[in-house]
Every structure is written in structure tokens, then in C-alpha cells.
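Next come two complexes built around chain A: one with chain B, the other with chain C.
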Partner chain A sequence: MPKITFITATGESIIAEGTSGSVMELAKQYNVSGIDGDCGGVCSCATCHVHVAPADFNKTGAASEIEADMLELDDNVIKFSRLCCQIEVSDAVDGVTLTVPG
Partner chain B sequence: MKVSKLPDPFKSAREDKGYGEMDDQNDPVTMLLRLKDVRKSAHKYQTFTSEAKPGRIVVPSEVAIRDVRQIPFEVDPPMHRDYRTLVEDWFRRPNAPDYQAKLSVLVEEVVALALSADKIEVINEFSLRLQSRALTLLLNVPLEISKTWIDWGTHVFRSEGEALDGNKAAILYDYIDKEIDKAIANPGEDMYSVLLASEINGRKLTKEEVKGVMILTFAGGRDTVINALTNTIAYFSDHPESLIRLRREPEIIDKTVEELIRYFSPLTHMGRVVTEDTVVCEHAVKADTRVSLCWASANRDAAVFERPNEVILDRKMNPHVGFGFSHHNCLGATHARQILKTLIRTLTEKVSSIEILESEDNIEELGHFKRKVGFHKLVAVFS
Partner chain C sequence: MSEQANDAQTCVIIGASHAGVNLAFNLRIAGWAGDILLFDADPELPYHRPPLSKAYLASDDGLDSHRLKSADSYVQQQITLRLGVKVSKIDPDQKVITLNDDSVQSYDKLVLATGARPLIPPIPGLDAANNCFPLRTAADVENIREAITPAGGKNVVIIGGGYIGLETAASMKKLGANVTVLEREDRVLARVTAPVMSDFFTCLHKDNGVTIAIRKNVSAIESEGSTNLVRCADGSEYPADLIVVGVGIRVNTELAEAAGLKVHNGIQIDATMKTSTDDIYAIGDCTFHHNPHYDRWVRLESVQNAVDQAKVAAKAICGEVVVYDAIPWFWSDQYDVKLQMVGLSEGYDEVVVRHEIGEGHKFSAWYFKGDTLLAVDAVNNAKAYVIGTRFIKSGDLINKGKLADLGVGLKPATLG
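Up next is the complex of A and B:
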């Protein structure tokens, strides 16, 4: 089962396991602080912003154009930013580390 | 034309030049119509401020009827962040299971009433009733208080044939003053008391600040929620197949709520005051004039949304701005989403069809744009 590590803004580390759905949904299931997913995962609210560990960025891939447009206006955006509602839980992302921006 | 259809009056202006113009009580407004421009301008508070004279960023302007600053709505960062942090947890309570259970009971009661009547006028007998009753949960006050709010009618600020009604606004402001005084005398667990006990930057919120938050809570969530509920009923009347699909696939209800909010855009636009001479869409706008962020137009922008004029229940990429965008995105969105989710779920469980007998459109006039935002009257039979 794919494992994903979330690191919250306060430095807490949460290892989550799931088989399907989006990474945002997985984070909510594990009550990861700072991942609200207000819009339910349609890329409208940017409340599921994470920084992907640089070494894992090839696993998640880069943001799509619509997602990148949303991130562009987030004050905490970096090169490795993603909205995790747009990342599917699958073997492809097994082992990635995602940090919730402060 | 189907009764639930909300045409997009902005298409040609949005595609040709990207902005529109309208007058409003001799304080003209340049309307920004494209999604990207709307989002960027919403984000750039330094140039497009919300912290103007109270009431001026609202279109139609409320300058003539209001002196109290709505909080956090009419405050820019960084102070905005402090206010927002103070109230955010309270406005996220609709995510809690016990809040949702109470809301379900309220929604089921209103739907049961509609089913038991021969016919109902949806705005007054369904949407206003549900909006007011649900607001008691958000404020954490007894349900019977909603009777007073229902008696106020559908508009807090507006009345028939008159954009702004100072007398109606006074009813709300006087009411809030009295409720704040009651909470000072007898503090409880209601929103007034919680705000009065709150501290910002090491001091208690003032009575004026509490009033500013309460006015925003009442006014911001009234017409908008009523329009969203009424339009939802009209939509399912026209689209019984959607109700059937949602009954079979309840897992898509979250996406449906976002799509209906995009399509309905219950708040057409919101203004900002320009702080420095600047340019939008190659059009010069002067300092101390107004622009508006036209959510309704941005939400039909074909540069972003495929088939923008269709309701696609499970639309996957839906970066709509129906709840605004950036710092000032809708504080009541969690509550509003939860009402709509609960309503849709309840309709799929309890209602087989909705028939519209009579309708009268509510059309806003915005310069030469005419936008249907909902209804003045909608008579329906639930079965």
C-alpha cells in the first residue's frame, strides 16, 4: 500500500497509507493540520497546498496549467509546490514526503 | 428556455476587451471580466483595496446607508489576517459532525414542509426559511430566533424597485446593537458573546468591531444563500435526471456543489477601490476609482472552463471564483457548502420530482449588462 509522509507547519510527521482517491483526501483522513481541502478537490480553493520534497518531485510530476495558475498567487509558492487534491494516491507516489507550508 | 438557465451576458465583452463599465450612484465601476484578471486583482490588495470608505467596495455602493466597517471584509492585510484568524475557527464549525447532524434535521424539516404543501413559493417558504434557520446554527442561537429574520423578508438592504433601502438596513443595525447589548449583559456561547470575549493584538474587540463582523455575517449570507438554494430547486426541476444520478452516485455531491456555485455565481461581483493609477486589460484605471471583480463572468470564461454554460455535475477541474478568491474569499463558504450538500442529499432521498408552476426572473442591471441572478418568484410543487 502506498505510503505518504506529511510534515505539518509545526514539524509533526504523519505517515499515511491509502489505496485510492486523492492525496488531499488521504491527508484529511489522517487530520493533517493545514490541509483543509475546502472545495472537495476541484482545484478551486488552494487549501491543500504542499511542498514536495525535491527528490520526490519526479514521482508527483509538476502542476498542470490550471493548478499552476492557482499556485502562482499563493504567497508560499515554490518550485516544488503542488495542490495535493490533484495528486492521485497510487504506487507511483509511494514514499513521497510532502510538507505543509507555514 | 429552461427556467433554471442563467445566461452569460458578459461573453462578448469578456472576449473582446476583458472589461465592462457601469455607473453606480455617480461612482462608476470598471468590471473585470476574465478569470485570470479577476484572480490577480483580488490578490493584489495593495493596488485594489478593500479598506476604502465603509460600503464603497459593495456594488451597489452602501456608502449612503452604512458607516460601520464590515470585518474582516473591508480590511486589507496585514490587519485583515489578524481578524480573519480570530473568526476562522468559528466559521469552520460546519465541518463538525454534530453541526452537520443538526443541519440535516433543519433541511429535512423544510423539505418535508415543501412535500406536505400543495404548492409553495420557493423563495419565501423554502429558501428564506432554510437560510434563516441554518443561520441560527452558525450563530449558535436558539432556532426560534429565526422567525424574526424570516419576518424581515428576503432582502436586508434591498427592497422592491429600490436598490438600497436605508430603513431596512437600520432594522438590521438596530437589531445587532440590541443583541450585542444582551450578550454584554448575559454572556453565553453565541457568536456575539464569543466575539465580545475575543482578543486581537492583546486587546478585546470593540463593540463596533463585533458589530462589523455580525453585519457581514447577516448581510453576506442572505441574498447569496437564498439565490443558491432557489436556483438549486429550479435546476432539479428542469433536470430530474440529475437528481436520479446523484441518488445513484452520492460520492459526486461535493463536486456538484462546486459546479452549481460556479454556474449560479450567487454574488455577481464585488468591488475594490484603486489606490494608484494602473492598467487593466490595456485599459487605464485612475486612483480613487472603482473596479469590480466579476465572479459571474470569470466563472464562464471559456479560456479556463470547458463548456462553461453547461452544468457538469462531476466537473473535475473547476477553479471557480464563486466564493471569491484570495485574502477575502468567502468566510461563510463552509456553512454555505454544507447547506447545499445537505439539501442535495436530502432531495435525492426524499423528493422524486419538482414541478415549477410559475416563475419571475430576478435580473440585475449592470450598465448595459443584464444578468439573471435568480428569481423574484418561483412557485413549485414537490412530490
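Up next is the complex of A and C:
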């Protein structure tokens, strides 16, 4: 089963396992603090922002155009930023580490 | 967290939806160490409402991917969820609430997050109509899904061309039904957008095979066997296997009124979300509040307002000095079109419309009053939405000429 590691703003590390749905839903299931997902995962709120570990960025891929535009709402945006409601849980993202910006 | 110890105190929240649930979790973040009790008449584990007319309605998914929080999260944060329990009374002097089984619960702090319910218009025959439902709860969606399965060839009439009506139309069409939207005004979304947006959405629905009929005042519904005939004042009539009523809401203020709280177009609150009575707060759709940015009293129906007010109330309850000062935002998804709105457009005197070159359904409407940007409606254009948000927040002036000039890129630096 694909495993994803979340690191919260306070440095807590949470390993989450799932088979389907979005990475945001997975984070909510594991109560990862800082991932609010207020819009329910439709790329409208930017409250599911994560920084992908640079070495894992080829696994998640880059943000889509609308996602990249929405990320501009957040001051903590970096080159490796994604809105994790736009990442599907699948084998392709097995083992990635995502940090919740502070 | 202030010095006042709250570990032996109880915070009771009435309403476990976007506002109430976010409040409960934010209380823990703000340092509330006492009990948190969250009551809701709805028996379902709290869920997101926006998908009810969008993705969830058009799918056969369960609700589980649309929960506000996982069941475990409540346990982990020691939040007691009391679902399927209706609160029938508040006694602000004794600081107790009464539940529908006549038991009582005392509180130190009370929060009303009672939201709103669908407005059911007094149309003769509506009560007795077959398969006639509003759309606000998961149970409503269950009813609608049951009535529409299988959807092929079924006639669906939607009364009301607001966001919920139009989203429902798109979802019903996706399921294969014949869909008609009956709107009383002379354009859809009349209450909330400029005519240019109404025109766009009317065309979008027509292109997708939905009938949009304006100036239709529904005067009666006749049930015939297992179906209905929806009659309008102008003599037109529409057969309907399913009727969805989406004509607006009524705010749930009865509990507050009976308890003597100040109510006017919603429960009146101050900048810290406190009502006119000490130790009682109100948040979300049920509130009438002052928006400092626009210097206006408003009642909003949006996830943004529910979540942001919850955050402010949580801090205020824990003794922090905070005020609510948010720019409202909202979204709507129909077919493959994403509408994002920021700001409050009421009172505008000019709309600048910008269609990006060569990109079909990608445009934005910028609402101004004089030189002040009030609001932006962006269609498939998150960039316009984000830039609009920045300009509204900063108050920096936008050059309208450059904004209207497609040769000028949509970038903050070039629009000033």
C-alpha cells in the first residue's frame, strides 16, 4: 500500500497509508495538522499546501496551471509547492515526504 | 492562552457543520483545555456541503470522502460529538441548554453555529408533490438520488436559478436527465452577479442541453400519479418526475430569538463573534455581522465565512484579542467551468470584463465603485482571482485601462 510521510510545522512526522482518493483526504484521515482542506479538494481554497521533498518532486510532478495560480495566495510558496488535494494517492507517489509549511 | 483557567469549563456548540466543527478543532489549537460538546440534529458524521450539489450529487460515491474530519480526529482531540440530537432551548441565565429528550446540559461558553435551512416557498401543491426536495443535507441528496435512478429520460425541474439550482442542473444533466431551470427574475444569478455572468452561465447551460426559463413564477404544482406538472403564472407548464427547490434559505435564529439574543437578518455579533449576551457566541451562515473592509453589515452563506468566523471565535473564547476582518470568497463548479469570486460586489458602478485571448471559457469580471476594486468573478481563471484578492486586500489602485487591455498581461506589476 502506498505510504506517504507528512511532516507538520511542529516537526511531527506522520506516516500515512492509503489506496485511493487524494493526498489531502489521506492527510485529513490521519489528522495531519495544518492541512485543512476547507474547499473539500476542488482547488479553491489553498489550505492543503505542502512542500514536496525535492528528491520526490519527480514522483508528484509539478502543479497544474490553476494550482500554481492558487498557490500564489500563500506567502510560503516555493518551487516544490503543491496543493495536495490535487495529488492522487497511488503507487506513483509511494514513499514521498511532504512538509506542511509553518 | 490567557491566564483564566478553562480546564474545568465546558464549551457547548450547537451545529456541527463547517462553522461548528472548525470551531471545535480551533478551540484546541487556541488552548481550550476543558470539555467541548458538539451537538447536531443531523445524524451523519459532519460532511462538506458544497459537493452535495456538485461532485457528490453526480456520483454514486459514499459520503466518506467528503467528511469534514475523520471520526478518529474527534476522539483524538477530545471533542464529544452528539449527533442526531436537537437542541430545543437555551437558558442564558442558568447557562443551560435543553435537548429534544428534555435532558439539560450546562455550559460556560455557548456557540450557535446553527446555519440555515432551505426556504420552502408557499406554492400550492408543493407539499403533496411527488419527489420534491430541497438540497441542503446528505439526506436530501439520498432522496434526490433515489428519485432519479435511473436518470435516463427523467424530467427534472429545478425551481430557482441561483448557484445551488444551477449546480444541481449540471449534475442532473451529467446523470442523463432532461433538466429545466425555472427562474423568477429576468436572469439567473440575479442576486449575486453582473448580467455578463448571468449571460455566460445561461449560455453554458443551454450548450449543455439544459433549458433555462426566466420570468417563471411557479404558481402551482399538480401531482399526477407518480409524476407532477409544474405550472407557472404565465400559463406555461412543465412535467416533472423530480422537483428540486433552490430558492434560498431561512436562517436558523429561533433558538437565539427565544433566548432573547439580538436578531436582525441573522444573529447579531460583534467583531469577536460574541452575541448581545455574555458567553454566547455565533458563527457561520446564521450570523449578521459587520465587515470592516467594506464597512457594511452582511449575512454571508459561504464556507470561507464559516471557517474564518470559527477561527476568530475560538481565539476570543480562549481570551485572545482578535477581530474578524476577512475578504469574503466563494466558488462554484458547473460542468468543466470553475467560477471563483472574491469580495463583495454590491454597490458597484462599473464592471470591467476581460476575456483572455484564445482561451475559450476563460474570463473575469472586475467590479469597481469609482476607482475602488470591490470584487472579482473569475471563470476558469485562478490567476485573475488571486490577483483580484491581492488588490482588494492591499487597496492598491488598478489601472482600469490596462486591465481592459488584453495586450497587458494579468500581473500585479503591470496593472498598477
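In this section, the second predicted complex is superposed on the first by the 102 of 102 C-alpha atoms of A that agree within 3 Å, B and C clash if a C-alpha of one lies under 4 Å from a C-alpha of the other, contacts with A are read in each partner's own complex, and residues count from 1 in each chain.
Going forward, contacts are C-beta pairs under 8 Å (C-beta built on N, C-alpha and C of every residue); 3 or more make two chains touch, one makes a residue touch a chain.
Only a predicted model underlies this, so the values are computations on that prediction, with no experimental measurement involved.
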| item | value |
| --- | --- |
| Side-by-side fit of chain B and chain C on chain A, or clash | clash |
| Which of chain B and chain C A:Leu73 touches, first, second, both or neither | both |
| Touching partner for A:Arg82 - first (chain B), second (chain C), both, neither | neither |
| When both partners are placed on the shared chain, which of chain B and chain C touches more of chain A | C |
| Chain B versus chain C as contact partner of A:Gly21, first or second or both or neither | second |
| Contacts of A:Asn31 with chain B and chain C, given as first, second, both or neither | second |
| Contacts of A:Gly40 with chain B and chain C, given as first, second, both or neither | both |
| Overlap of chain C and chain B interfaces on chain A (superposed complexes) | 36, 38-40, 42-45, 66, 69-70, 73 |
| Residues of chain C that touch chain A when the two form their complex | 29, 48, 50-51, 54-55, 65-67, 69-70, 72-73, 76-77, 303-304, 307, 331, 333, 338, 340, 380, 382-383, 385-386, 389 |
| Footprint of chain C on chain A - complex, ascending | 21, 25, 28-31, 33, 36, 38-40, 42-45, 65-67, 69-70, 72-73 |
| Chain B - residues contacting chain A, complex | 36, 39-40, 43, 92, 254-255, 257-258, 304, 315-321, 323, 325-326, 329, 333-334, 337 |
| Residue numbers on chain A that touch chain B, as the complex places them | 36, 38-45, 64, 66, 69-70, 73 |
